[in-house]
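Next come two complexes built around chain A: one with chain B, the other with chain C.
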Partner chain A sequence: MHSFGYRANALLTFAITILAFICAIASFSDNFSNQTPSAQIQILNINWFQKQPHGNDEVSLTLNITADLQSLFTWNTKQVFAFVAAEYKTSKNSLNQVSLWDAIIPEKEQAKFWIQISNKYRFIDQGHNLRGKDFNLTLHWHVMPKTGKMFADKIVMSGYRLPNAYR
Partner chain B sequence: MGWIGETVDSIKSIKIRQLLTQAITLGMIVTSALIIWKTLMCVTGTESPVVVVLSESMEPGFQRGDVLFLHMTKEPIRAGEIVVFNVDGRDIPIVHRAIKVHERQNTGHVDVLTKGDNNDVDDIGLYADGQFWLHRQHIMGRAIGFLPYVGWMTIIMSEKPIVKYILIGALGLLVITSKD
Partner chain C sequence: MDWQGQKLAEQLMQILLLIAAVVAFVVGYTTASFRTMMLIYAGGVGVTTLITIPNWPFFNRHPLKWLDPSEAEKHPKPEVVVSSKKKSSKK
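Then we have the complex of A and B:
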């Protein structure tokens, strides 16, 4: 009962159990953080709006995104993945979510930002339903922890509308 | 001549009892691990409740060797979720993020396009020929939790199978030579 093997085994099991417990507690502590993120998105310009050869609508936009996601960072946060998705409804699809831009925010200091870009990913519909379409721009964020449970939430901004004709 | 037979018999009987006990103990350990695994599969609703991250396509969030906990519910797939999927014809599951979702009215059928955070292009090149979207049947689960570094054992064992054999051999030796 007192050989090196038994002692090493007991020590290792204990160490692993404690480590697992610490990871669980770290993850649990994320529930108590007070999160007050804010964001604003403006569409500066519709660069072009066309129907592709195989019939799907495509639009290119320039967006102005301002956000403050600093309150999402806790001591157990490894990075925050933020993305902006255009969300709209068509007669064929009850929900369409198209990601237009995303960014990885590794540190709290970089979480308050202002950026002006054209859409990183192509905004293509399944069909040609985009003329005059009302849509929401939603800023989603996914908090990836150092260990444990991942959180996600979003801010929905509505009131955006695409032009009635191709240009 | 009788006492030789007696001694041989007594030696044989001790060994058999000990061997049987050890075999049963080993069997109990293996089956309880199996029970835990199958219960996890039931609770999380997916065939593989735990996966190891094998590629660098989700860095810096998920590094090679990290372990992801999966969960699958009837809830519809939404953009931004980290999904684990199998492409027809390949058996290595891929862990990427959904960037486009189109859900049909009424049927709830969904088309999903995925992309790794660290990749420059979306996953169309990874899907089967002629396939442009993932559907619900391809998706094995959503990642809900994460533990760093724990998966390195699995990576080492699958990339250098000699380590697997050495480990099993050492374990077997330990079982046989332990006195209780």
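Then we have the complex of A and C:
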């Protein structure tokens, strides 16, 4: 500690070590938050349902999405990415996931929302398996913290069914 | 900066940074604001820099007392003749 440079170096090293440590504790403190997210999705209308010229099924839906993700936000949360996926099983693949809608939620105040929207991304099956298909609508979310590990979870809503005929 | 001053500077640096970190975390957590935590800690680092890095007078209260040159001449350094003799004998 005899010179200016040596003291500056020691201070910087120790300050950054402690900074890393408080960030680690901040990240750890997220484990004690009580998370009770909820979501409901209704299919208001099937706008159209057709077979594309080259054989893939495509459907357009109007969705009513109600969700409360406020409890995911802690003091260490930067933003939450949420998306709705249609999930169904075909003879070829045990799980097909098609993203229909997504959003980035930057603030806790915007995490409780209600939105009525037709699917943002096209709901196309790779084949022609959609007629009369039972499927789940799943709300997935990824929580992006300011420091620490990103984590993801989902709510699965089942009991949706596509019509038996194209329209 | 003398020896005592160096010890004091190092201890002050460690204690002040730890206090800043603890205060920043507690205030940040209770107000649920990550930004507040970072600002308090940055302030703490700034204050610590100002206190411990410049060579303040209070780090120089224990100057070393060197012997007078005349005193040193009365006690001449021992000559290192013995070791050179050993080396030559080994040859």
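The rule we apply is simple: the second predicted complex is superposed on the first by the 166 of 167 C-alpha atoms of A that agree within 3 Å, B and C clash if a C-alpha of one lies under 4 Å from a C-alpha of the other, contacts with A are read in each partner's own complex, and residues count from 1 in each chain.
By definition in this document, contacts are C-beta pairs under 8 Å (C-beta built on N, C-alpha and C of every residue); 3 or more make two chains touch, one makes a residue touch a chain.
Computed from a predicted structure; not experimentally measured.
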| request: Pick one for A:Lys146: touches chain B only (first), chain C only (second), both, or neither. | output: both
| said: In the overlaid three-chain picture, which partner chain does A:Val98 touch, first (chain B) or second (chain C), both, or neither? | reply: first
| query | After lining up the shared chain so the two structures overlap, which partner does A:His128 touch, if you call chain B first and chain C second: first, second, both or neither? | reply | neither
| Touching A:Ala85, do we find chain B (first), chain C (second), both, or neither? | first
| query | After superposition on the shared chain, which partner residues are touched by A:Phe21: those of chain B (first), chain C (second), both, or neither? | reply | second
| query | Now for A:Lys51: first (chain B), second (chain C), both, or neither, which partner does it touch? | reply | neither
| Who touches more of chain A, chain B or chain C? | B
| Can you list the residues of chain A that meet both chain B and chain C? | 146
| task | Could you pull out which chain B residues touch chain A in their complex? | result | 60-62, 76, 78-82, 97, 99-106, 111, 117, 122, 143-148
| message | Using the touch definition from the top, list the residues of chain C that touch chain A in their complex. | response | 1, 6-7, 9-10, 13-14, 17-18, 21, 24-25, 28-29, 32-34, 37, 41, 45, 48-49, 52-55
| task | Would you tell me which residues of chain A are touching chain C in their complex? | result | 1-2, 4, 7-8, 10-11, 14-15, 18-19, 21-22, 25-26, 29, 74-76, 146
| query | Across the complex, what residues on chain A touch chain B? | reply | 23, 27, 78-79, 81, 83, 85, 91-99, 102, 104, 106, 121, 126, 140, 142, 144-150, 152
